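Each chain gets a letter, A, B, C and D, in the order it is written, and its residues are counted from 1.
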Amino acid sequence: MTAFDLVVRNGRVATAADLFEADIGVKDGVIVALGRGLPKGTRDIDAAGRLVLPGGIDSHCHVEQTSSSGIMTADDFYSATRSAAGGGTTTIIPFAAQHRGMSLRTVVRDYHACATPKAVIDYAFHLIVSDPTETVLGQELPALIADGYTSFKIYTTYDMLKLNDRQVLDVLSIARREGALTMVHAENHDIIAWLSDKLMDAGLTQPKFHAVAHARTAEREATHRVISLAELVDVPVLIVHVSSAEAIEQIRIAQNRGIRVFGETCPQYLYLTEDDLDKPGFEGAKCMCSPPPRDKANQQKVWDALSQGVFQVFSSDHAPYRYDDPEGKMKHGSNPPFKKVANGVPGLEARLPLLFHGISEGRIDLHQFVGLAATNAAKLYGIYPRKGTIAIGSDADLAIWDPEKEVTIRQADLHDAMDYTPYEGLTVKGWPVITISRGEVVAEDGKVTEERGRGQFLRCDRSPLARS
Amino acid sequence: MTAFDLVVRNGRVATAADLFEADIGVKDGVIVALGRGLPKGTRDIDAAGRLVLPGGIDSHCHVEQTSSSGIMTADDFYSATRSAAGGGTTTIIPFAAQHRGMSLRTVVRDYHACATPKAVIDYAFHLIVSDPTETVLGQELPALIADGYTSFKIYTTYDMLKLNDRQVLDVLSIARREGALTMVHAENHDIIAWLSDKLMDAGLTQPKFHAVAHARTAEREATHRVISLAELVDVPVLIVHVSSAEAIEQIRIAQNRGIRVFGETCPQYLYLTEDDLDKPGFEGAKCMCSPPPRDKANQQKVWDALSQGVFQVFSSDHAPYRYDDPEGKMKHGSNPPFKKVANGVPGLEARLPLLFHGISEGRIDLHQFVGLAATNAAKLYGIYPRKGTIAIGSDADLAIWDPEKEVTIRQADLHDAMDYTPYEGLTVKGWPVITISRGEVVAEDGKVTEERGRGQFLRCDRSPLARS
Amino acid sequence: MTAFDLVVRNGRVATAADLFEADIGVKDGVIVALGRGLPKGTRDIDAAGRLVLPGGIDSHCHVEQTSSSGIMTADDFYSATRSAAGGGTTTIIPFAAQHRGMSLRTVVRDYHACATPKAVIDYAFHLIVSDPTETVLGQELPALIADGYTSFKIYTTYDMLKLNDRQVLDVLSIARREGALTMVHAENHDIIAWLSDKLMDAGLTQPKFHAVAHARTAEREATHRVISLAELVDVPVLIVHVSSAEAIEQIRIAQNRGIRVFGETCPQYLYLTEDDLDKPGFEGAKCMCSPPPRDKANQQKVWDALSQGVFQVFSSDHAPYRYDDPEGKMKHGSNPPFKKVANGVPGLEARLPLLFHGISEGRIDLHQFVGLAATNAAKLYGIYPRKGTIAIGSDADLAIWDPEKEVTIRQADLHDAMDYTPYEGLTVKGWPVITISRGEVVAEDGKVTEERGRGQFLRCDRSPLARS
Amino acid sequence: MTAFDLVVRNGRVATAADLFEADIGVKDGVIVALGRGLPKGTRDIDAAGRLVLPGGIDSHCHVEQTSSSGIMTADDFYSATRSAAGGGTTTIIPFAAQHRGMSLRTVVRDYHACATPKAVIDYAFHLIVSDPTETVLGQELPALIADGYTSFKIYTTYDMLKLNDRQVLDVLSIARREGALTMVHAENHDIIAWLSDKLMDAGLTQPKFHAVAHARTAEREATHRVISLAELVDVPVLIVHVSSAEAIEQIRIAQNRGIRVFGETCPQYLYLTEDDLDKPGFEGAKCMCSPPPRDKANQQKVWDALSQGVFQVFSSDHAPYRYDDPEGKMKHGSNPPFKKVANGVPGLEARLPLLFHGISEGRIDLHQFVGLAATNAAKLYGIYPRKGTIAIGSDADLAIWDPEKEVTIRQADLHDAMDYTPYEGLTVKGWPVITISRGEVVAEDGKVTEERGRGQFLRCDRSPLARS
């Protein structure tokens, strides 16, 4: 047995199924040994009293992406990956987002150009398909899927992104043939637009009306519709950022019927409510995202669905727009109507601690946490077993957690480029104290230590769960 | 007590709730007395051993209407109302159908011009709204509602008729404000169009592929969507011609949740299946309608929903296109692809016997029959108590049924202008032997006896069930 | 046409389906004519501005019955039928209650002896079967069913009444063979006994703990179990006095599956809550019944189930035990533990006004009221069309309602033998101002006018709804 | 790093979450190293091309147990554990079964006396509680739970075993207080007894009527009832050997409501049907077990529930009674009535291959197999992480599977003491070619190689899933 570059020693190692005490021997960035009393490595980290978990995978985040209304996210690949690393995440899967008229190939090339020199941790890409032309569907998409871009997101809302049902069917049909996984933002566009117009006409323009416009019924409707379309084509589909009990119920019903529907939710639906959008002045804009947070009772339903397995994936949907910034939430003034405010909240760094906190509250168990934090996404998106677990042959992407450490979340301590976090002041129990990417410590005690550009691009295999 | 113009004597009188032996005294077309041993009238009909039921109301039929693809129905108001009368129906509610670009006012005027000189029995009109312009929604529709056209149908499919979700919201919003009842043809257009194109491209053009294109999932999807839109606006909605167990389930779920959703089904979903579209040559076209009949197991679900009260209305959806006719099913040739065939089946005359047959089979009881045949529609569409029941003050619209008479349905015996019936050769138990409209016998022993033009237009009140 | 003994003139007559203006002509206690401008009768009552409804049928009440723990109800057949009449009810169906060891025949004879000289209005009897011996099942029950006692109640709880599952199967099997209708008090005995013992042991003996002991889960469990047993035997069953959303859901699920389950609820589940049992001292005993009232949200579910047709019958479950009386609630002292308190609340007189009040609140409509008040019970228990409707040939059992009259319920105004009503001080809209039994005014303006003993026994036909 | 006693080399190692290539280093019966290219051990096994899985845990089997009707199982601890080992199972959890009147302590002592000298592999014990006296509940059960017997089974049926609801509540209450896990055989006794008597009286005594007597409704009823009782007490419960879609639905509904209900099913419900009981002569007795197998469509529902996570445990319910044996199925003659036939089928050895076969058929995936075969049971019953997984520190209980090997099941090749297997002639894909218990090969190539008495007793921790 060769000498180890790194040994993480004496920790309690957890996977999505198991918990055991072991040392982890790392060589060339890969886990090569699990045992007790492993020989000393070039570097030894003592994890006694700590949990050693797979590094997190944030499989839904928007990085260095221009929104469909033309606002650039505050985070680029450097700040985003630093922030991720600070929160125990070792892989991100942001989007290469097509705007209409663009070539998907070009889009992908451009995002690589952004990521390559800056990423601190590894990354893959989902595509966003907003313009499913014949060329896109017939040539670019199949070729990109073959090249390792095996998942893509489509939208049922947003003027510049939404596909109509027929386009959704076309896209799902390609996904089926090529074995790609389709992610869907499911809200009924017409409901939102119609309500928004009524509200705007009535002068009801404050941030809180964003939550009114994005009615729960709009989410339920689109969720049922998308599931119906996927059922018709007989292809798996993932409903992203599910916010409401109504949408959860639709997913659950479909799953019980044997339809292959996957679900994703996000921390904002566990910790925020629509009341957070109803604050003096423009403050509420800090918690505006789509779909919006709902109410207290709904938070419980989201936790329940996490613990019951309705959701397979837990992402941040990090969409960072600074609050007090003419390129952020205030792009259209210091108190613009809600339709003019960039949608999105940050969460790359807080995501895992917010979920981990649920363990101490008895809402989920440690293995569910690992599955939701990393393993399920790795499998779903075709980067398992390289990523997402602690096993022989996997990348040594690890997060060492102090399960007892209580931390009050403060923007000042986070590593993204934002000027606020919606979770400011929230105290959670459990924190990732060391983050390791391919055997290298990238964050430790609140400091991100690794340089830009070390992150590697991950080609994704076709999702084993997307087989027809 | 004045002398009676007509006494129907010794019958067993049934309403939606009651069954009793009584003579019915009629004066000036109105029921003025119920009792036993009423004095002789100008005319006496002995109904001993017979059931005396309210004359039927067929609240969904297409008469002298040009389809959106330009084909005129075979029946005009004369043949249609003769046929209705022959089947125990004394009121029809066909459509005044707007094509895009038309003024609703003009449409209504035109239909009146057709109906006035020809109708043998009474009639009201639903509107069809295919072009909800500002003028239509802002002026014409409210004015027409006030004038007694208090219900209208909208479509989620057909190229020239379909409204998008936003238009549906606009229309529902008007319906709510004005107290009108919205009827919806609920099938997902994009699914049907997408499947149709795939089928046509593959050369799968026979009538049976019509049933494939109009997938059950398409109906379920649109039903859920329309219910969601109505729930959002908080206004009642009626899903017409429901064909599938999946759509039934959506309606049932909504009703259980307290949403005001009404449902209608039709005889073709009780007696036909998709196999009837799969016959040698072009024969299957005779059973093509939208939504299409489903399978045998599904028929049972439709009966169950009738008996359990999921459906309130049972109509024919009479849409008569002759089979062997260049102006009918063969408009585009003797064996055109299914997309070129006019959708619809006749049923005005057979509707009630087909439903009544369910009594002898133990599927529904006599009172459910009366409700579905007449009373519920009268209430739903605002013509109750003038129509739809046997009560003091109501129009003397009666159907005298021989509950034991077995009849084999044959086109040769029917009174419409069709050259086929999809129920040819089917034997049913129970038949309306005399039909009386406002105290006048309009059909007797298989002969329609009344002259054209005696039918009167019925202004509808706002539906008491459409109150918000 | 013969002269009328009575004409009720100018009223708006409502049945379970219809509403029309008509005079009602009565001869020999029977409705013989409906019309307008009927000739004068021996007596004329002007009902202008009033609703004329079928007299109510209270199909679940305990009259002159000794409870299984040996307490006699406060009301005998005189006070009970007076009270019923005062509240617009013209027929009651109390129980001939077998205690173990008794012959059913003897029981029936004894109850007749009580009722014959005292009843002011007509009555039928349900049996209570607590001792299904071979003789009872093999001889007495079939013979009594043939004699017009076609329904019986069984219990899953109460020490001296409960049947085990096997006995229930035996009884249901007889019901199926003989065409009788089985009514079931469905609460899990062991749960109640086990909880009661725990509570009593802990000194938690106040009335409010009665509601704790009779857990909602106990009702749900027994409801599901009884439905299962009936489904196995393939025989209809009626769950009486359903109190909880959980039990409602079980009934609804079964009905949707096509199982013939009927449901009954009572005013106490619409207007009382468990908080009414939690009053200073022993006051809470006034609202103790089994099952107990639940919470506010549950009341809404009961209303919903009424309006959606889950319940067919609405009875009082009148079980009158005086409060401040050594033969009533205080039989075992002035503040006995809840296990020692007679279960039951009065409701014969308030039942219909409490339900009618739901019309003005928009919870049910007038026809649902009539169905629940009278028609459905008449049909279910085999006394239709003699009772339960306003139709030619039916008994002239009528209640003339002033729909606008607001009445505050006070025990002082009621006609039963009680010293309290649980609805004291509640104001309802709508009141029966005249009650007519077989053409005779038995109550008018709050006074019961008819003498004892005029009530007649009604043999019940086999329920048409209990056919297999 | 110390020298290894055993290295399993080059295999693909699977856990309930992960799949990776690694060598497994074993020392003193424990897994001490996972890596690649581990140094040679005392023994090396080459698992190239094979799957290395955790040894199976059969958590429901009856070994050397006298049934309540006095028939001893054919298998003692020697033959049973040999058979288990032959089928890839390394731990069994049979029952220490109390008959009424017995001391639980004595029962446990007796079973240990049987097991200690004979067991080839490790074992724990569930208790069977048939006589919950004050002493049993107050003293013996708590003491035994503390001693490592942390789960017990109770029955709702069988004359000599069944508890009534009140006893179930008492037992659940103790389970809650002590943190034990209650397993329930859920069938309604009265239904079965009532149907059996009717069938026997009618002379319908062949084996196939066993399936009629054990109606699906009986299982659904008891499942709902047991869940209700557990919900009331607020304690987890495990429904064992679930056979029907109806019972599955009840479990699923409860799980969705957040009730902690676990479910177990068995191979007989995946591969047998009630038709297997309907064979000429007495042959059907070979497939008689309780609950009985259902129909073909039901098998699919059981598979679905396995893959959807409704079931956590998959056991054999091995209850071996020889067919042609006066101490087995023919105890009461060569063709006794079904009520006289010992209930049960063997399955210890075939269990895992039958489940594994589902992988190749696409019904479950490999990780679900591992969970159902071993990991979930280990966690549920408190022997994890010692048993149930492949991880550092766990016992080296391994099964090496050839996933491609097709085997036709024949009794002649099995190692139990039976004279038949219900799966005779069935061909499955995938077979455990080597079984290793604590680092020792106990079975290899169809031969069980280890001597009697090496198996060790496992004290169980309180189930982490049974925490209140």
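Convention: contacts are C-beta pairs under 8 Å (C-beta built on N, C-alpha and C of every residue); 3 or more make two chains touch, one makes a residue touch a chain.
The structure displayed is predicted, hence computed values, not measured ones.
*Asks:* Taking CA centroids for every chain, report which one is farthest away from chain C.
*Replies:* A
*Asks:* Report same or different for the chain A and chain D interface, where same means the shared residue numbers exceed half of all residue numbers found there.
*Replies:* Homomeric contact, same residues on both sides for the most part.
*Asks:* Count the C-beta pairs in contact for B-C and for C-D, then report the pair with the higher count.
*Replies:* Pair with more contacting C-beta pairs, B-C versus C-D: B-C.
*Asks:* How many angstrom between the C-alpha centroids of chain D and chain C?
*Replies:* Using C-alpha averages as centres, the distance is 51 Å.
*Asks:* What whole-number Å value describes the gap between the mean CA coordinates of chain B and chain C?
*Replies:* 40
*Asks:* Counting only residues that touch at least 2 other chains, which ones in chain D make the list?
*Replies:* none
*Asks:* Quick check of your reading of the touch definition: is the inter-chain graph here a line, ring, star, complete or other?
*Replies:* ring
*Asks:* For each chain, which other chains does it touch, given as pairs?
*Replies:* Touch list across chains, by label: A-B, A-D, B-C, C-D.
*Asks:* Which residues of chain D touch chain A in their complex?
*Replies:* Against chain A, the touching part of chain D is residues 1, 13, 15-22, 25, 32-39, 252, 255-256, 258, 304, 308-309, 367, 370-371, 375, 385, 389, 391-394.
*Asks:* For chain B, which residues are in contact with chain A within the complex?
*Replies:* 164-166, 168-170, 188-191, 193-195, 215, 217-218, 220-221, 224-225, 228-229, 231-232
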